[in-house]
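My structure is below; once you've seen it, I'll send some questions.
Letters A, B and C mark the chains as written, and numbering starts fresh at 1 in each.
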Amino acid sequence: MSYAAPAGRGVPPLPAESRVRSGRGGDAIFRVLLTVFGVAVIVLVAAIACVLTGAAMPAIRRFGPAFLWTSRWDPVHNIFGALPFVFGTVASSALALLVAVPISLGVAVYLVEIAPPRTSIALSFIIELLAAIPSVILGLWGIFVLAPWVRSAVEPVLSAVLGWLPLFSGPQYGIGLLAAGIILAIMIIPIVSSVSRDVLRAVPAEQREAMYALGATRWEVISRAVVPYGRIGIIGAVILGLGRALGETMAVTMVIGNRPQISTSLFQPAYTIAAVLANEFSEATSDLYLSALIEMALVLFAVSLIVNALARWLVARATSHARAAR
Amino acid sequence: MGFEVTVKEAPSMTLWDYAIASALAKGEAIDTDAPSQLVVENLHAYFGRTHAVKGLSLRIAAHRITAIIGPSGCGKSTFLRCLNRMHEVVPGARREGRVLLDGEDIYAPAVDPVEVRRRVGMVFQRANPFPTMSIYDNVVVGLRLNGIRDRRVLDEVAERSLRQAALWDEVKDVLARPGTSLSGGQQQRLCIARALAVQPEVLLMDEPASALDPASTLKIEELARTLRETLTIVIVTHNMQQAARVSDSTAFMLAGSLIEYGPTAELFTRPKERQTEDYITGRFG
Amino acid sequence: MAGGACDLPRAGGAVIVLGRQSARRRVTDRVMGWVCLAAILVAVAPLASVLGYIVIQGASALNWAFFTHLPAPVGEPGGGMANAILGTLTLIGLAACVGVPVGILGGLFLAEAGDGRLGWWIRFTADVLNGLPSIVVGVFVYALVVVPMHRFSALAGGLALGVMMIPLVVRTTEEMVRLVPSSLREASLALGIRWWVTSLRIVLRTATAGVITGIMLAVARIGGETAPLLFTAFNNQFWQAGLDQPISSLTVQLFTYSIAPYDDWHRQAWAAALVLMAITLLLNVAARAAGRQRFTMGGR
């Protein structure tokens, strides 16, 4: 997605000065009005940054940068360290990416290179429908369907086959990091696959033809010509998915177990930044408690901003590159 | 043995006529009894409902250069793409008829199109080297596809193909540079080298020089003439002088049908069909 | 195919035959095609499961009481989510008061005067806003509104949802307005109609269907949001007392019920999921259907 104005429509620009005398005042006011509302978007985001920083100041002053690597979260004694939540956020998102990226790539390849056009459109629509499911409903399904399935089917198998790894050791609750990773994967598949699909579509036909003409099979054309050509955009799509996963709140908090601990096992419960905000915000008893929570919200804000901007830039480069190369 | 040159009644000889005369003056024997490498029998090609190639039959001689000329939209590129089964890659495309390569129909049900495309190579109108690969990787990609990994073999074939494409001296020190870092003419020769590396028997060239400057164009034409010794070449071109300079036989197509096909010299000086004559004298197209 | 083998020099002078395509390549091609199909099935399976469970569990729990009764006291069976449904509608209405004007006028700015640097930055910020975790928006509104007011309120909740609506409405409005052919605008100006009147009454009116589509999609999105409401609108087991009071919503109620230990509440949670999903799907499908029409009409 590019942030420059879409070209070629030739919308005549708003005149700085209206030529019709009687309407001059009206046009000027209108222009100001529009500009104000346009700028309001920027002001809004700036306001969010300022308000969050301001409210987080007490905690920032009290704990400094060590906040991010202190692992003790103790509201009773007013000691707050964000490490367990950072860990949970990173671990669940990483797991989600691990699961979702291969699946999304497979989906995108199928939609662009293998499926007949009408099937492709229908399937794209269905997968985008997945994105329309509210997070809390997925969480509900997670509690009553996914977690029990993970406990009864997935964890026993993983434990039996790979139980010697610390990753898959320990008691099997169903609820925990593994379930959270899976549900996050389900939530980011639509966006990663649809952006990847657009990226692959933008690969020029001549690249495919060149590969076919050398005597390559369809899969060789895909894996050696199409996907490498689009690799920058695909990375962008993956990072977009990461951005979405980092900020997901409801579905995660309903299946992750909400225990602020750092453990090596995926079967264990954990806690993410978004989840702790959802659960403890309205019950924060002291100002410092609240401030510490808001500081974590600020971290989430900053990380999400950077990740999203990076992702959008990569995707824009990939799709405009291909357009220019034609 | 030369051909009689009939100079048309004109106030002066045009550049055009000089080109013909010089081509003929080379005096090469056109051997019309050369074995046919490709035999096309009653080929029809469709894009959905559009009938792009209508019942085309001809024989393409081995180790010769055959040119296909005709106005834009006459179906010459479509015809070319039927010779290496690239036509069917387009959704909605179909064809009827047979194309025999060394006596066997490439469209027989048991035949693998992948194999056909290795034996009948193609060079496209716009050079399309793979931007994610180096010059070296571009040349040997066809070999790697076929499972050849031995570095020494790859090196040898790469050098040989690049020499055949008259590109070796220009790139031998920079083989690791990306394929797209070369100039337009060099990129096209890289694509030719890439196609040659898999040792095809036939090389199809779809207006290979139309996007290039005159100097590069001449280089490519020279290349075609030298490659003729090892391969059969079919070249589509909208440039009649090029066809006259380069090819041994020429086929003229119009609106999907083959109008005339014969030795180049004859077609350009004594065309049998009215339409051919109209086209080559510039009355249309 | 017989013949066609070609010889390659092996280093050292002997010969390598580049023969027929190996079966391995063909098998790989076919297998990978199936792997990709499997990816699609794996991606679609959760969707089928979620929708299936919602329909089955939700339908069995849905009854008239759900739509008309207030929640029963904790532990008692029965009751409904009438206040939650009304609450969600109220919040959407409040959100629209913020999101629609800012979104439309902002989008109009981008379409009319957004070709320069400022336009670029606005689009970029709108994208950033769109990608923000919704809980962060909730925290923002908490600090901005709830703290000074010393209470949770529908207004705060509406504001949070409204903020989330803005980037969606801005983008779709800009796109739709740009689709209006410039000849229409020029004709209007040539008649001596003032610029701002042209913009609002002619251009925007032509783009209305598309803009409404955008708003519907935005509403579908915020209707399903829970996180920003958790500490702005909070929750309310009774009817709305006033806009400055906490208010119930389908999503928050769903969340509360599903993590509680009561089976009856779980059943009601599924019912709420069914209602919510139905509304969301309806809005999405209607918006896309209308959107497709718009494109064919606008392509003059």
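Going forward, contacts are C-beta pairs under 8 Å (C-beta built on N, C-alpha and C of every residue); 3 or more make two chains touch, one makes a residue touch a chain.
Here the structure is a predicted model, which means the values were calculated and not measured.
Farthest chain from chain C (centres taken as the mean of C-alpha atoms): B. Among the chains present, the centre nearest to the common Cα mean is that of A. One simple way to say how far apart two chains are is to compare their mean CA positions; for chain A and chain C this gives 14 Å. As a whole-number value, the distance joining the C-alpha centres of chain A and chain B reads 50 Å. Averaging Cα coordinates per chain places chain B and chain C 53 Å apart. Looking at chain C, residues 21, 25-26 sit in touch with two or more other chains. Annotation for chain B: residues 114-116, 118-119, 145-146, 198 touch two or more other chains.
Within chain A, the positions touching two or more other chains are listed as 215, 217, 220. Interface residues of chain A facing chain C in the complex, by the touch rule stated above, are 1, 3-6, 9-15, 18, 20, 22-23, 26-27, 29-31, 33-35, 37-42, 44-45, 47-48, 51-52, 54-55, 102-107, 109-111, 114, 123, 126-127, 129-130, 132-141, 143-145, 186, 189, 193, 215, 217-220, 222-223, 243-244, 246-250, 254, 274, 277-278, 281-282, 293-294, 297, 300-301, 304-305, 308-309, 312.
Those residues of chain A that touch chain B in the shared complex are 116-117, 204, 206-217, 220, 224-225, 228-229, 231, 325.
Residues of chain C touching chain A in their complex: 21, 25-26, 28-29, 32-33, 35-40, 42-44, 46-47, 49-50, 53-54, 101-102, 105-106, 108-115, 118-129, 131-140, 142-144, 163, 166-167, 170, 175, 177-179, 182, 185-186, 192, 194-197, 199, 220, 223-227, 230-231, 234, 251, 254-255, 258-259, 266, 269-270, 273, 276-277, 280-281, 284.
Residues 101-102, 104, 106, 110-112, 114-116, 118-119, 143, 145-148, 150, 152-153, 156-157, 160, 198-201 of chain B touch chain C in their complex.
Looking at the complex, you find that chain C touches chain B at residues 1-4, 6-11, 16, 18, 20-22, 24-26.
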